[in-house]
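Have a look at these structures, which come just after this line.
Heads up, the next two complexes both have chain A, just with different partners, chain B and then chain C.
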Partner chain A sequence: MYDAGKVILGIVVFLALVTFPLWYNLAGEVSVAAPELEKAEGSQCVQDAEWMRGHHMDLLDDWRDEVVRDGERYFVGPDGQRMEKSLSNTCLSCHVNKDKFCDRCHNYMSVDPYCWDCHVIPKEVM
Partner chain B sequence: MGLDRRKFFKVSGLTALGLAGGSVSKVFSGEDSLGTVAPVRPEGPLTAQRWAMVIDLRKCHEQADCNDCVTACHTTHNVPKWENPKDEVKWIWKESFEHAFHDQEHPFQQESLKHLPALVLCNHCDNPPCVRVCPTGATWKREKDGIVMMDWHRCIGCRYCVVACPYGSRSFNWRDPRPKIQKIEPDFPTRSRGVVEKCTFCEERLARGMLPACVEACKYGAMHFGDLEDPHSNVRELLSERYTIRRKPGLGTNPEVYYIV
Partner chain C sequence: MNLFFSLVVIAVLIALPWLLVGAAGLDYLFGVIVPYVALAVFVVGLIMRVLQWARLPVPFRTPTTCGQQKSLPWIKPSRLENPHSTLGVIGRMLLEVLFFRSLFRNTRSELRDSSRLTYFADKWLWAGGLAFHWAFLIVVARHFRFFLEPVPWCVSVMEGLDSFFQVGLPIIYLTDVIIIAALTYLFFRRIINPRLRYISLAADYFPLLLLLGIAVSGVWMRYFDKTDIVGIKELTMGLVTLSPVVPEGISALFFVHLFLVSALLIYFPFSKLVHAGGVFFSPTRNLANNNRVKRHINPWDYPVKVHTYEEYEDEFRDVMKAAEMPLEKE
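After this line comes the complex of A and B, so read on.
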């Protein structure tokens, strides 16, 4: 190989740069505390919290399609309670503070859902 | 590494098979990510086989200054109010007779008819051209009651439907509508920029057992809403007793808003 020294040095420098964020975080022990989410006001969510943490976006997508496309607007919660499939009216009636619940975690996870471009945050309207 | 090319292909092939098998078995087992949520009929929704509207333009004419239906509709559905007509968004509005019924107009029309303000809205056509052209299925005709629906989640703002609609019933949100909504109604979403909107025959109110907002707001009984398939419904009785016209019937869209003139 011609210029083996330079090539190998180049590869090493490249790898070091690419992996910089990984070992920088390891060395610097940077830790970001999980966000403190506000407790909901109601007693029971539509599913258990662990499931909701991972799947609320799927649930909302399914609700969206069921309500808009099929006109199925209601569901029965785990305790037999009949509720409306509604982000603004059902979810936010317990999770009253969107800033301290939805936004905190979405910011932490660096996701930017556009639900609120159209769906109304009841508190902001009042 | 003890992995030659032959072995690598074997392993990766098996892995791909395994992954595909996993997802296929999931499909066939009918596994639902949401589990137990069962749909329940709401109490007393208004249902019909074919919703239709009859508008008595004579009554409208007697109350030329009345705008109650337009106001009711636009406040209920968070329709923005733009000053510039190019940005205008409207679900129901007043049009002059000659514009609304240009194929049924002639220069010597009786004076009263000429200046009759005609209330126009989405006709919820039986054969809707907007539905035919929509590339994403964001607008579709509901099989159970004939309402031409809008799914704002799926609208990509191509405006093909705006061009296809022969009645001008569709408006496009050129700008973010929120700042131009006087008072946001929390029960109904707003729209975002780049989305087409139109009248939905208040399907969200029908589901709660309420008549459309415009019909409810009309103090003079000029707007009638009912089931076209039911021979004893209010609209069928009106249609059989009174002379009624429709907008641009020659186009074959089969509009379901009828006018008593």
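After this line comes the complex of A and C, so read on.
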């Protein structure tokens, strides 16, 4: 083999890059499982959990448009109740702790929604 | 035919996970076994190719006439385009790998005004290629949020910059737009130009379509047919920590994305895509042009038996003298 030193160095760098996630996660010694979420206080969500997992951002986005652009502030929930289209007042009234519900998955997935740039988290107001 | 063949192969690669995960419940095969096999083939295959290249001797320097060679002290050498030192070679290699320096020299020839052959600079291939490669790099780097826990800050910074304009929800990544636009251009470039189409092989269409399939399925999963990505991260974290699990509720679309990536990994070492490693072994890029400074001896030269003029004269001195031929030594 020619230039063995350089070639082997290249291969070592390549292997280090490929196996990096393994070392990183082992060194971190954190649980790699999905985060535990705090149980909601209410009995029923506005949609089923499976749909919400993938699409809650769509729901909030639609609500935002309907409220801000069309002035439609209320909707009829799954149990026939009239509810306000509001993240802070409706969603967070059941999922009372943002940091034990929203943030757990958002941090796990490195998602940083800019909703909170303007909206205040209810507890922080007090 | 080449195009048609590639399209059929891609269609099969999409249909397999789509049908088998949904109908036959082969989640574990497509979520764990195939990715592991693909990664093993990729790593071993690429190392084998590299070792194969490293065994080939390259005794002589190949000067490429891209710049003034180093010669007399008062002639200014072109240090990057025609490097004579290791530092210069590293610089030239960086320009090549990061900015595709030699592709930037690309020209095109065309008959203009009926019969005049004209050469002109053509930067489109360079621009399209560079756009694709950088977008690809950034997309792959951003994917480390699926493989690392906690997600390091540099990945978050990259996500922030990539979603700078905060358009759409989830916010549209600029690199997603760029990678699909660039791949689409590179693909149609081969189809629209008849000469290019004539020389294009299945090995040219297939990688472009495969990458396009990966990018489109990823984009589809992020923006249109959303799925439970927390479940996906459980799967990916299981894979990289060697304790695989396949959680419930992951859509078939994810398995399509993952299967196409696996196909890419398997295809990589045995196709033109291996230029990623090969560029470092290009003799016209990785050797300093120091032919005038240093003597390079061919390692497989064997000692040649020579008969010098002095020996010749010694042998025939008498005969030559008799014939009154001029001699060097009397």
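Operating definition for what follows: the second predicted complex is superposed on the first by the 95 of 126 C-alpha atoms of A that agree within 3 Å, B and C clash if a C-alpha of one lies under 4 Å from a C-alpha of the other, contacts with A are read in each partner's own complex, and residues count from 1 in each chain.
Following the convention adopted for this analysis, contacts are C-beta pairs under 8 Å (C-beta built on N, C-alpha and C of every residue); 3 or more make two chains touch, one makes a residue touch a chain.
Here the structure is a predicted model, which means the values were calculated and not measured.
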| item | value |
| --- | --- |
| Partner chain in contact with A:120 - chain B first, chain C second, else both or neither | first |
| Contacts of A:4 with chain B and chain C, given as first, second, both or neither | second |
| Partner chain(s) touched by A:68 [first = chain B, second = chain C, both, neither] | first |
| Touching partner for A:50 - first (chain B), second (chain C), both, neither | second |
| Contacts of A:28 with chain B and chain C, given as first, second, both or neither | second |
| Partner chain in contact with A:82 - chain B first, chain C second, else both or neither | first |
| Partner chain(s) touched by A:58 [first = chain B, second = chain C, both, neither] | both |
| First (chain B), second (chain C), both or neither touched by A:14 | second |
| Residues of chain A contacting chain B in one complex and chain C in the other | 55, 58, 114 |
| Interfacial residue positions of chain A with respect to chain C in the complex | 1-4, 7, 10-11, 14-15, 18, 21-22, 24-26, 28, 30, 32-35, 50, 53-55, 57-58, 61, 105, 107-112, 114 |
| Residue numbers on chain A that touch chain B, as the complex places them | 46-47, 55, 58-59, 62, 64, 66, 68-76, 78, 82, 88-89, 114, 117-120, 122, 125-126 |
| Touch list for chain C against partner chain A, complex | 39, 43, 46-47, 50-51, 54-58, 144-145, 147-151, 155-156, 159-160, 166, 169-170, 226-231, 233-234, 237-238, 240-243, 247, 249, 280 |
| Chain A-facing residues of chain B, complex | 33-42, 78, 142, 144, 149, 151-153, 184-192, 203, 207 |
